[in-house]
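Report on the following structure.
Lettered A, B, C and D in written order, each chain numbered from 1.
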């Protein structure tokens, strides 16, 4: 059984079926990417895995069923970094990080995690007394990721981390994801920014209207004509 | 007609007129106001005093009350509608308290705590029904008009409404004045159907009653609010068997309903004239007639 | 004379402040005026009355029981009256209307149960007031003053120095994201209501001791509403200070202009104040200058 | 199975038949507050009425017909009171209606009763509830209680002529019509009789702290404070005054009746109040004992009024020898020497009230209610 095993899940909002019998897998230490257009159901998928939404079907993680609801999933090491960052604007950077460590199973690790995060993002240390809302967009994304890393997660779910960021900052964010992954964290990355996401991915899925229409390694999909036309903005030669 | 039934219907109608004003303000525009009872007091006292002291006919007194309410509403609204919404709630609460205390304090005109007594029975059931229907049509047209959509936009997101080019302050003021007029008219009718008014009748608990009716019916459904107004005015009458437990049962029913239907009794459902006609037709033909789903 | 009136004002303010802290706490997180706070005060007053008479105990055990009882009642009210609405994503304003309906219900319930009777605590304090040099200080109000300050300091400590408190403050702007970090938001809200209810329990005991115990006792919560709004932005410190200012304002108007005009003048002053200081008392004190660590 | 059904049906029919054949009951209505702020008084009043009705029924009812009591709660809301009256008159066909221990409802009902024509016996102390214009009563309203003016004048007279106190202070809720009327009568009488009002303080509905007003009063150094207030406010004012070291005489109306001492204990000492009745009268003691036995709770004064209102109304039915509302009204106007718990009632056809008010002054001493004696104000 795979590390994360999503098995035939369905999610619906009222009468609208948002996810229809989705199955996907991620092995330990992989970066798995889901790409798709706006409204394809990417966020729904992330929210189902992290226990925000109710779903039918089975999701297992590390051989056990994934707990529901979200706070329990988070406590078992599955951390979502939500779309739009959702850092807490009214409390300080340091306090944001303290809350990030809320799910830490071994509380004595807190200081060392904090040091690790500050090493990764020295700018956060400089601004630790500042309100979260006063950071720039890129800094906020860093804070959101750091906050997620504080609890030493085993599985990191990233929902559109590149949204609303400048291209240079996006590159930093993707590099960061690589670094985090190299430290042994399994990553599920949901992106509209298909090219960069696919370059990063060990395995990737293409989501359209609640179903997977393609899957393959990142390189394969980058080379796939349909994918290139639909998501990478490559035009037909005609 | 049985005068018991008539008096219930008169009070229901009066309540409903006031509730319609609250619906525009709180339901449609999302402004929390404790002030409706203040405008009811203005309407009641202006009409009653101008009739009793200056011999002004009821209709003229009612219009005078509306005029005074508009004036007061303009001042209160201009001052407070630019502030945050919770300040507006506080200000309207304060306004109603001030009105009550002005009525008590300036007893030379108002009779103070002793109230105005011996007001003649001019208000009749048909009169209440006609005014209520007029208010209802006005309210319904407001809701479906551009003004209503502006209000909804403000309720959903004031900033976005501003960006869309709505003059939110003007719109809010307009709705506030509308609701003031409704309250004032209801107050005038009330004075001439209780025959006696005193400041204490216009307590904040009266505003709360109206607020509960609006939310019980649902902020998105005029039909629901009208239904709630009737149901919640009639329910205490039905519950008289409960003696001292009457109001306990009454409030329990309200709470349970609110918990199970947090969007109000009728949600977004709206009854329209064409639907009623549709039903009538459907029944006549007994053919395909499916009594349409509301928007 | 002036000294006595200032003391009178502070003693009235202490009543308002003690109610306002608990009221403002819920206001700051769930963003609605929780009028059921008054019912918790009223029910706690009955609970303390029953407990102190039944077991013949003194002030402190009764206070403890009132706090635990008030906290529990508040949590139960939250679970029954607010949580279902939150779960169904009902508009925020429904929580407020629900809280009003609940307070009406509990008031009618106690009237029906006890026939609208008035009760009085047996003396839990040795004397009810201190008098010296022609000045009177009511002891219960002094206790309320102390309790509201202790409560405020305690709350500020919890909110700024504990993880739970930080989470509560974070939840004030965002009720869904804390879940993603492993924080059980329902638990957090329950804790908030428990603290708020425990504060209502303290207020209930002291109000019951200084006034009588009767079903309409919770009506005073309107003053807490006023103080909280004038306090500004759900700021706890702002609410407490506004409560004292309100007490002083009312007392001074009553003393030097006349009790009959107090509501008229005090509301006018309040509205004018908000016109010139739209940030409320919190803004006046620079408690909300945008910096997170400053906002109470 | 079928057989038993037939038996049940037959039994039911017999029962129904019996009820028709038995005399139709005379319906007596009552409007009281059972659920809002004055529920304590309203419930007491309703029970007093109930006890009277039960006594009459035990004695075979009236006109050979049983009496049926219908009590409606109006939660201190005038609108609900009006619908309750209309319901009793139109729906329940009540012959006579009792109640409302507060004046405001009767002020609204007076002109309505003029049209509906079912008489009301209550205890409004507001003169206007029974008097349409000077010398002309509201035809369908009768009051078993004296007016606010009587209470205010009696208290002032007692302070000036019996206690010899002439430096007086008054505090009351400006929004409470009952309190304000008594206060004004007190002040008018006191001024006319050579006393000085050294301090006049006011407060508002919902107030619980009166220290600011009391500080002003304290500075004016009155010999007595008059507190015409409801139980809750009166108890707080008295207690807070005592806390501030104001040991002077406090005067009040009948709101200082039990449970006042129970609530504020020794703070109630040195209070003189004008009451309708002495608690140590044998008939009051006997009634109170029966009430406590029946309901397990002490009555308030309103229970006595409820009982008396019922007796006045029922005796009018007896004299009219009819359950017709008009005839009862006519009989009520001729009420003469009807012995109730509180008074021996004789109605003045011009005022529709007891023709003479003799107050009982009660002093609270060491936590006991001590009847000082009956008292009539000195008139100039």
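Going forward, a residue touches a chain if its C-beta (ideal position, glycine included) is under 8 Å from a C-beta of that chain, and two chains touch if they have at least 3 such contacts.
Worth saying up front: this structure is predicted, and the values here are computed from it rather than measured.
Q: Just to be sure I understand: going only through chains that touch, what's the smallest number of steps from chain A to chain B?
A: The least step count works out to 2.
Q: Which chains contact both chain B and chain D?
A: C
Q: Indicate the whole-number Å distance between the mean C-alpha point of chain C and the mean C-alpha point of chain D.
A: That pair's centroid distance is 37 Å.
Q: Measure off the straight-line distance from the CA centroid of chain A to the CA centroid of chain D, and report it in whole Å.
A: Going by mean C-alpha positions, chain A sits 74 Å from chain D.
Q: Compute the distance, rounded to whole Å, between the mean C-alpha positions of chain B and chain C.
A: The answer is 31 Å.
Q: Between chain A and chain C, what's the gap in Å when you average each chain's C-alpha atoms?
A: Comparing mean C-alpha positions, chain C is 42 Å from chain A.
Q: Going by the contact rule already set, what residues in chain B reach two or more other chains?
A: 100-101, 104-105, 244, 247-248
Q: Quick check on chain C: which residues sit in contact with 2+ other chains?
A: 108, 111-112, 115, 222, 260, 263
Q: Listing for chain A: what residues touch at least two other chains?
A: none
Q: Which pairs of chains touch one another in this structure?
A: Contact pairs between chains: A-C, B-C, B-D, C-D.
Q: Once bound in the complex, which stretches of chain C touch chain A?
A: Result: residues 163, 166-167, 169-170, 172-174, 176-185, 290-293, 295 of chain C touch chain A.
Q: In their shared complex, at which residues does chain C touch chain B?
A: 33, 80-81, 84-85, 88-91, 93-94, 96-98, 100-102, 104-105, 108-109, 111-112, 115, 222, 225-226, 229-230, 260-261, 263-264, 267-268, 270-271, 274-275, 278, 280
Q: For chain B, which residues count as touching chain C in their complex?
A: Listed in rising order, the residues of chain B that touch chain C are 26, 30, 32, 79-80, 83-84, 86-87, 89-91, 93-95, 97-98, 100-102, 104-105, 204, 208, 211-212, 215, 219, 244-245, 247-248, 250-252, 254-255, 258-260, 262-263.
Q: Can you check the complex and tell me which residues of chain D touch chain B?
A: Where chain D meets chain B, its residues are 34-36, 39, 43, 71-73, 75, 78-80, 82-83, 86-87, 89-91, 104, 107-108, 110-112, 115-116, 126, 128, 132, 173-177, 180-181, 204-205.
Q: For a test of understanding, state which residues of chain C touch chain D in their complex under the given definition.
A: Residue list for chain C touching chain D: 1, 4-5, 8-9, 11-12, 15, 108, 111-112, 115-120, 128-129, 131, 136, 138, 211-212, 214-216, 219-220, 222, 250-251, 254-255, 258-260, 262-263.
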